[in-house]
Amino acid sequence: MKFSAKQIAELLNGKIEGDSNVVINELSKIEDGRSGSLTFLANPKYASFIYNTGASIVIVNNDFVPEQTISSTLIRVNDAYQAFAILLDVYNKIKLNKTGISDKAFIPKSAVIGKNVYIGEFAVIGENVVISDNVKIYPQVYIGDNTRIGEKTTIYSGVKIYSDNIIGDNCTFHSGVIIGADGFGFAPKCDNDYMKIAQIGNVIIENNVEIGANCTIDRATLGSTIIRDGAKLDNLIQIAHNVEIGENTVIVSQTGIAGSTKIGKNCLIGGQVGIVGHLKIADNVKIAAQSGISSSIEQEGAVIQGSPAFKKLDYQKSYIFFKKLPDIYKRLEEVEKKLKKLF
Amino acid sequence: MKFSAKQIAELLNGKIEGDSNVVINELSKIEDGRSGSLTFLANPKYASFIYNTGASIVIVNNDFVPEQTISSTLIRVNDAYQAFAILLDVYNKIKLNKTGISDKAFIPKSAVIGKNVYIGEFAVIGENVVISDNVKIYPQVYIGDNTRIGEKTTIYSGVKIYSDNIIGDNCTFHSGVIIGADGFGFAPKCDNDYMKIAQIGNVIIENNVEIGANCTIDRATLGSTIIRDGAKLDNLIQIAHNVEIGENTVIVSQTGIAGSTKIGKNCLIGGQVGIVGHLKIADNVKIAAQSGISSSIEQEGAVIQGSPAFKKLDYQKSYIFFKKLPDIYKRLEEVEKKLKKLF
Amino acid sequence: MKFSAKQIAELLNGKIEGDSNVVINELSKIEDGRSGSLTFLANPKYASFIYNTGASIVIVNNDFVPEQTISSTLIRVNDAYQAFAILLDVYNKIKLNKTGISDKAFIPKSAVIGKNVYIGEFAVIGENVVISDNVKIYPQVYIGDNTRIGEKTTIYSGVKIYSDNIIGDNCTFHSGVIIGADGFGFAPKCDNDYMKIAQIGNVIIENNVEIGANCTIDRATLGSTIIRDGAKLDNLIQIAHNVEIGENTVIVSQTGIAGSTKIGKNCLIGGQVGIVGHLKIADNVKIAAQSGISSSIEQEGAVIQGSPAFKKLDYQKSYIFFKKLPDIYKRLEEVEKKLKKLF
């Protein structure tokens, strides 16, 4: 894949300064730039690199004013970071453009397969599954009976989706994701033993959802576990039965959310957070990494930390004094000694 | 699958009030009830829903006294929740009744396969493996050489079981479970380098054990890692080499238990708990979520929290004052100032 | 597999005391020894077992002086623990010596396969993949296009490696490991929505690296996520995009390291630790389990704990007083009362 400065400037609606015929075949960081690579400068912190980068092309903001001569060709755009992200995406789409249905995949007659679908080797499609147009299913994926996959969704190698789930459009599931395993439901019996509660609900994942490697999204006992439009999940996250994750909420890796909890829209949940079951978390809430949430958060936009969590600023103040506790204790003892002399 | 109120009442040994010929084809929550669905009322908190539910049949406790007219057919039983759980189970057993051995599975001649076994596409069975009667092995499962699987055990798509392990009856392993990977054993060498200690032990899983999606149960260095009868593990749990989990102990997701630790019977271990190696945890111990356990717990029935954990009630008291630390510090300073005036 | 005391003594360069013709066919713990098993005594704590063990052979240190008669044959060596580890390794190498390329694996013509390679059933090898000599690839593994696997590396069943990654020699990846999934990169758009930043970098794993079951190692946005020589990762660990892990660093299970953080050499990172992005951790740092690291650690050999973490000894002192907080508060109140009387 080779592109000239001219082609790229056209794609990005940018203005060239320098040789418009120079050709690149890779994208790089500015500090790793070399002949044939294209890079970008958005953060002023990295500005010093532009004067020595070996990159053939550098995308810069329209308002960038060089302080020395630059040997690379520049392409000026409104937002260099975003322009570069567009190029990354173009590059990736060309690279990942797998097509065709492997004759080593297992697809029953009852499955409905759309147009321009990729299904890799040793994938297993269940009975009555619907695979919409432009879906990519990598090798060794399993899709259980009656599950529906929306358009343009990409499912990487080794994802397992149980039966009866509904997956939206433009979703991406990374390897090792498990969707629709049984929720963790057991009723105690008299003799310390447990009776399993069958989990007959499903999982609904709306559009534009990304789920990272080895996440687990359990099916509902009854009804649905729901991940709403645009939610983004990092790796190794646990979503229990009947949970609902709101639109555009972002969750960092290794967080776990227990059964029936509802998370609002546009929340930012840090890594290794634990949220207990049957809670409601308001919209726009921010939860610091490693926090434990044991009661509902009703205040929109709350920013919290701790286990159990409270206001982040207050947590951080308390933690400063936690570090001073040995000193605080010693001072308290001295105060007591002095007082003793008085009484 | 359609059932009449009469059929269901017979199955549950219940008493019908209303139309015994009404037919249902799905199970629902009471608030989602509609024509053709069956639901239940056990928790009085939900009683108000019964007067407006669209469900065709509602299972209620024998002692339920309606305060208004109810249009649904009622089935009265001793324990409505348990009766509904039985129906969920019946429903699930019918739905999940996969049978037959796929000709796309790989099964060597040395493997012994019982009666009424399901083995899905692209499953790999190792040499000398024993699969007992009524076992279900979903597609893409791997079972290493010499491993034995007990009767009626269900192994979902993508589970990987290494060689030489012993799995009991009536177990359920969800997708992504890894059983028998090497324990984490390395001996330091003089030059900061490590020598791997080969892990030649195995994993023994007794009967009625459920293991959630993407859990990892490592094989022992020597001897066995053991999960006893009736233990229930949620998702993404780490069980290290030579650990032993007692009977009917329940562990919530993302908890990790380090090497050679023995957990007693009937314990309840919350989510994201960490337990260090070589400890003993007594029977009936309850450990709050996100706790860290760094010493053995000898007291049966202890209830603990914190990192490191101590008595849960004491932790919660300390945490109340942790929140007040900025205030405590200010008051200490004031006390010191006042005292200064006196001396 | 049967071995005589004579064969084993030769292998270990040890000295026999007792019957040099006795034969063993298994390795055991000293407390589980029985006729036909070989065990070892290294830790004096276990010395009492040697007088009653049923083991046919016991490996002991050269300086071991028995206090009673021992019925087992002894083999004296310089370091009994290390000698036993060597035997474990020999045993394991014989047991795990899978060879041959399954005709049920999928291998395109463009892939380059070395000598003495094992590739199991339903493994999928991508275009232009290079598999070096003596590599073992278990069933159902996926290796994406252009990825290179170094010599003698073992990849267990179900590992998924995306395209364009570089894996060194003598590595071991356990089942469920995901290498090269997209880093978690999203740029906020004006309407609470996110634009995915395509992740076009790769993962480089150097030599002698072991990665435990269900770990996730994300590919870089640009450039490489790097795991250096001799690093050892336990299970269920998250390594984000552009992270670098130094030589011989050991990480215990369920730890997560966020994007672009660089960890030094010879570090020991406990379980369930969280490290935020864009930090630098010096060499030889030790981080206690469940700690949260939110700023760079510049001091080599620092030993830290807490969330956020500080010096481990200081954390432990503060925690002692955390437990006493209810008492501290009561004493402060008393001090205040007494002072009130004075003013």
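The letters A, B and C name the chains in turn, as written, and every chain counts its residues from 1.
Keep in mind that, in the parts below, contacts are C-beta pairs under 8 Å (C-beta built on N, C-alpha and C of every residue); 3 or more make two chains touch, one makes a residue touch a chain.
Since the model is a prediction, treat every value here as computed from it, not as a measurement.
Asker: What is the touch distance from subunit A to subunit C, in steps?
Answerer: Step count on the best path from subunit A to subunit C: 1.
Asker: List the interface residue numbers of subunit B and of subunit C, divide the shared ones by all numbers used, and answer same when the ratio is over half, different when under half.
Answerer: different
Asker: With chain centres taken as the means of their Cα atoms, state the distance from subunit B to subunit C in Å.
Answerer: 26
Asker: Counting only residues that touch at least two other chains, what does the list for subunit A look like?
Answerer: Those would be 122, 140, 158, 176, 214, 236, 254, 272, 290, 322, 324-325, 328, 332, 335, 339, 342.
Asker: Applying the document's contact rule, which stretches of subunit B touch subunit A when the two form their complex?
Answerer: 27-29, 32, 81-82, 85, 88-89, 91-92, 95, 102, 104, 120-122, 138-140, 156-158, 172, 174-176, 210, 212-214, 230, 232, 234-236, 247-248, 250, 252-254, 265-266, 271-272, 289-290, 319, 322-326, 328-329, 332, 335-336, 339, 342-343
Asker: Per the contact definition, I'd like the list of subunit C residues that touch subunit A in the complex.
Answerer: Going by the criterion above, the answer is residues 106, 122, 124, 140, 142, 144, 158, 160, 162-163, 176, 178, 181-182, 184, 186-187, 192-200, 214, 216, 218, 221-223, 236, 238, 240, 254, 256, 258, 272, 274, 276, 290, 292, 294, 307-308, 310, 314, 317-318, 320-322, 324-325, 328, 331-332, 335, 338-339, 342.
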